[in-house]
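In the two complexes that follow, chain A is the common piece, with chain B as its partner first and chain C second.
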Partner chain A sequence: MKKNLKAWLYLLPAILFLGVFMVYPLVDVCVYSLEENYNFARQSFTGVGLGNFHHVLSDPYFVQALKNTFLIVIITVPLSTGLSLLIALGLSSIKPLKNLYQTVFFLPYVTNTLAVGLVFMILFKNTEYSQAMVNLLITRLGGTGVDFIEGPYWAKMFVMCFYTIWVVMPFKILILTSALASVNQDYYKAARVDGASSGRIFWKITLPMISPTVFYLIITGFIGAFKAYSDEVALFGTNLNAAGMNTIVGYVYDMLYGDSGGFPGYAAAAALILFAIVFTITYINLTMSRNKVQYM
Partner chain B sequence: MKVVLDHLTKRFPARSKKDHDVIAVNDFNFEIPDGKLIGLLGPSGCGKSTTLNLISGLEKPTSGKIYFGEEDVTDLPPEERGVGLVFQNYALYPHLTVEQNIIFPLQNLKGEQKMTREAMHSKAMEVARLVQIDQLMERKPKELSGGQQQRVAIARALVKIPRVLLLDEPLSNLDARLRLLTREELRRIQRETGVTTIFVTHDQEEAMSISDQIVVMKDGILQQIGKPQQVYDDPVNLFVAQFLGTPQINVFEGRIQAGKVWIGEEAVLDAEGKQDGDVWAAIRPEGFIPDPQGVLTCSMDRVEVMGRDISIVSTHEKMTGRNIRSIIGAEYMPKDSSGTIRFNLKKNKVHLFDRKSEERIK
Partner chain C sequence: MEMSKKGSRLSKGLIYFLLTVWAVVVLFPFYWMILTSLKDFRVYNTEYIPRFFTANPTLQNYSDAFTSVPLGRYLLNTVIFTAATTGLMMVVIVPAAYAFARLEFKGRNLVFALFLSLMMIPAELVIITNYVTIVNWNMRNTYLGMILPSVTSIFYIYLLKENFEAIPDELYSAAKVDGTSDLKYLLKVMVPISQPTIVTIVILKVIECWNSYVWPRLITYDPNYFLVSNGIQEIRENGFGKENIPAMMAAVVVISIPLIVLFLFFRKKIMAGVSRGGTKG
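Moving on, here comes the complex of A and B:
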């Protein structure tokens, strides 16, 4: 200890910083989640136990949020990763205007979420004066329009997933394009001389070569989708429960600061449930991919 | 399978307006006989790898034709040419085991050629035994040494029994000792399979030691084709003479006058019937015989002992390059390593080249 005094001294700023802003809040969340009937004003609670978890899990709003979150995760992560891979493959095989296309595909990434939300409003929201652009199109093609923002659940979920995919794709495309570019061209030449079809080259050479990147995108994609909240607000406004489009993070926020807020115990319990879900899913991901991902 | 290149030309367009087109391969005409080992030799940037890529089909020629036997393969894509290609860095698929790497080309076969799993395995084992890696089949490429990786690359190229085997700088990534071993191996594998083999190298010693024929190139232009010894003994121009042989050939500013070859004020050789004029007189290191009454006088610089031979490093005012190296038997060991030394010359080790065109004067 004495010998390492200097080392500890050097580490002190980082440890202090992490302790105050990370470790303490984490512990505090766990403590809150176990304190039943916590009262903000009086800073008092009636007992210690799993009451908060029980309440949250039987709250229909939370169940709805859970369902929404899972749907968003299951639909958007595979679709956005797959589509990004397709676009990245396309981008890496074209030569003319490549940079232009890359810029276009990357634009959504640097665009503000709320600005994008506005664009989606124009696309999907019916106003008193006119129909949404998408509805105009549907009518033109002979169908009947549907209210995507305040209409049936499936329509809202469709817009939600569409929006999420659209927002997360640029980053994935960028990462995948650079992963593809870093594969040594000699492998492709060798495969061509060996008579491999382009499909086989993709499945047997390209995909294994970029598998660490794809895996990284899947893991972070899952985590990101589970934490969805701001995109929902951008589309459906702050009263997500009324729209039936709340997510787990949205529920946590509502429990803390929303109109029905002031229940840090419930918020902490919901946050811990989310953590448990993300942890489990990531663990499954890691185990399943152990034999599939090739670290060169 | 013999390979015929017929007026083969490859021109790469200029990158910018200031640049000009690069002609990597300029009007090649030659025929590679069936079952031989051919070395494509030249300094870097001379177009030898491009030639290999043209033969493999990875590059399309600007003009000219390529024939395998009687078949015109110029417009065939690489996979239909039936070539095996070994890359300089081997390009082994890092995520596949040695066996999977070797089997890869077989798995690509379609239609009638399709093979069963067992057939592929036994085929892979067969070539693996040929290149002596049958003990390593379950390993990944990164668990192999450079020499072993190269054997895997060769096995992968051979497994489909290619009509032509192409090797791009096959030995350049190996250390000196392994390089010697591997080139013997290459020779043996080529003999055993009888596959027409073309390999690219910038190392003249490597090319000379194992090739049946060497093709010397410079700036996209073919300089000379022939058996290694024949090209060495009978170079067509100064470039070929200088490129082959270590130590390099010694080049002097000389002239032909009145039926004699003169270097400085000394007449060193007869040159009956040759036109008077300035020449390059190039003398192989082994062409010097120390003799107190010799015809060429040089000033001694030092003697390097190499065991069997010694190398006398000397200078002469008409020489080009830094010094003159002569290799002589150790029994001629001079007593003094300073002052002057006189040499007689072996006539067949002296080549004369026109001063301007640098073509050989015969």
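Moving on, here comes the complex of A and C:
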């Protein structure tokens, strides 16, 4: 009995913090989402129902945020995963300078995304008296420059995805490189003795062996990309609706706080919709990976 | 044989070329921010087409960054926030991990399973109520309000528990025979032995704290409590005047340096730690 008590005492701080800041909020967010016309100041509401969900789903800002988020997910997840795989394969086939390259590639992981986002903004932004560095490159190659920060939608989406990929690559390269390093070298030796081409070795040995890692990265990549927010703020400023570049998470915070804030009910409904989307996609991913992945 | 050797040299060359291209993509923004931060403001403004070098580097922008905006204040706030959050987190997670790893009690597996299932809850879902909680506790614009919701990490409890469990049972029995208390055993034996893991956890948490943006932004509107992320956003929108890009870049460099130095010192530890289970964001 005394032993039991002592164990709970050791666990008490963790349970207390988790209870107040995780379990209670989890229940509470569902309650909020169902309380219609919640008034923050008076802490009262007019009814219980799906009114918040209805409001959110018919809000043009939310629809825009939904569209932006899906585009970011669909573009950045396959591109960053594929590119990381390519770079990891390159890294694992060289010896000299390998450490140096690895260190450089990991650098974006330890940088403040808000701060470096500002650098990207400057690289991509035209002002009256200065041209974006990137446009210099484009005109040199024979194209016409465009303002990527305040210009057309596709240009903003491009820089958005480019920056997102830049930010998420270090993690993926690192994980894939260590997965490649853990593949048993005997398989390669045997394949080479049999005279298999390197393409065949990749498709028949390497990829199947690292497929659990690849699927892990795809799943976490989807989850991370659906929660995109800080990178957008870094590039386009805090008023993402004005830039037309808001995301679902951005919408949640806008509803909660700031000039458009004070509606925890709408925020809760939007957050639950996001959770439902992420949950569904993760479930589909897991089902697919169960059919495809070969666990050794 | 001759053919394939030539072929492999060619493909080696191609691999190095591609890796170098990506290295340039990664490093160029860093080069650009340092370069711009050293450019004289007037010179910068005359460059319609930005130049890749500057003839007269100046440190003026750095002194501007500290004098015309409260960058020092932001840095100090971030250091306080990071140290307090990380310290408090260790106080919470070390005993919890010890309880799961070494203490026998009823419902241990059930509680641990509940903990693990909480790992799936996205922060976005609970942040709404946490915001209301902190507002109701009158903790906006306080360090405590920023710190409290981020002092537990189930993942780090899990990581530490695994580590504690790997320490041989005999040590524990021997300590018990000697009459050592659990707390003393934890602090004098377990913690020192697990030092590598603890250092990794501390470093990862420090990186997370240094870069945290969303929660501190929700909970503070008084610039006296801004952290660097929020500070840089404030500088961008209301700081030097929108036009003084070189001074902005100087601030960006100052904010980026601490973590880059930390990374260069603990490169192996950080990369090993992240590949064991860190994620971005």
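Note that the second predicted complex is superposed on the first by the 279 of 296 C-alpha atoms of A that agree within 3 Å, B and C clash if a C-alpha of one lies under 4 Å from a C-alpha of the other, contacts with A are read in each partner's own complex, and residues count from 1 in each chain.
As a convention for this text, a residue touches a chain if its C-beta (ideal position, glycine included) is under 8 Å from a C-beta of that chain, and two chains touch if they have at least 3 such contacts.
These numbers come from a predicted model, not from an experiment.
Chemist: Following the overlay on chain A, give me a clash-or-fit verdict for chain B and chain C.
Modeler: fit
Chemist: After the superposition on chain A, what angle is formed at the C-alpha centre of chain A by the C-alpha centres of chain B and chain C, rounded to the nearest 10 degrees?
Modeler: Apex at chain A; the opening toward chain B and chain C is 80 degrees.
Chemist: Quick one: is A:Leu123 in contact with chain B, with chain C, with both, or with neither? Answer first, second, both or neither.
Modeler: It touches chain C, and chain B stays clear.
Chemist: By residue count, is chain A touched more by chain B or by chain C?
Modeler: Ranking chain B and chain C by residues of chain A touched puts C first.
Chemist: With both complexes overlaid on chain A, does A:Glu150 touch chain B (first), chain C (second), both or neither?
Modeler: neither
Chemist: Please give the nearest C-alpha separation between chain B and chain C in the three-chain superposition, to the whole Å.
Modeler: For chain B and chain C in the superposition, the minimum C-alpha gap reads 5 Å.
Chemist: In the superposed view, which residues of chain A touch chain B and also chain C?
Modeler: On chain A, no residue contacts both chain B in one structure and chain C in the other.
Chemist: Chain A touches which residues of chain B in the complex?
Modeler: Spelled out, the residues of chain B in touch with chain A are 56-58, 77-80, 83-85, 87, 89, 91, 93-95, 104-105, 107-109, 142, 156, 160.
Chemist: Taking the touch rule as given, give the residues of chain C at its contact with chain A in the complex, in rising order.
Modeler: Within the complex, chain C contacts chain A at residues 12, 15-16, 18-19, 22-23, 25-27, 29-30, 32-33, 36, 44-45, 47-50, 91-93, 95-96, 98-100, 103-106, 108, 111, 115, 118, 121-122, 124-133, 148-149, 151-152, 154, 157, 182, 207, 210-211, 213-214, 218, 228-230, 232-233, 236-237, 245, 248-249, 251-252, 255-256, 259-260, 262-263, 267, 270-271, 274-275, 278-281.
Chemist: Show me the residue ranges of chain A that touch chain C in the complex, using the header's touch definition.
Modeler: Contact set of chain A toward chain C: 3-4, 6-8, 10-11, 13-14, 17-18, 20-26, 28-29, 32, 83, 86-87, 90-91, 93-94, 97, 101-116, 118-120, 122-123, 129-131, 133, 136, 166-171, 174-175, 178, 220, 223-224, 227, 229-230, 233-234, 237-238, 249, 252-253, 256-257, 264, 267-268, 271-272, 274-275, 278.
Chemist: Along chain A, where are the residues that touch chain B in the complex?
Modeler: Its residues touching chain B are 184, 186-187, 189-197, 200, 204-205, 208-209, 294, 296.
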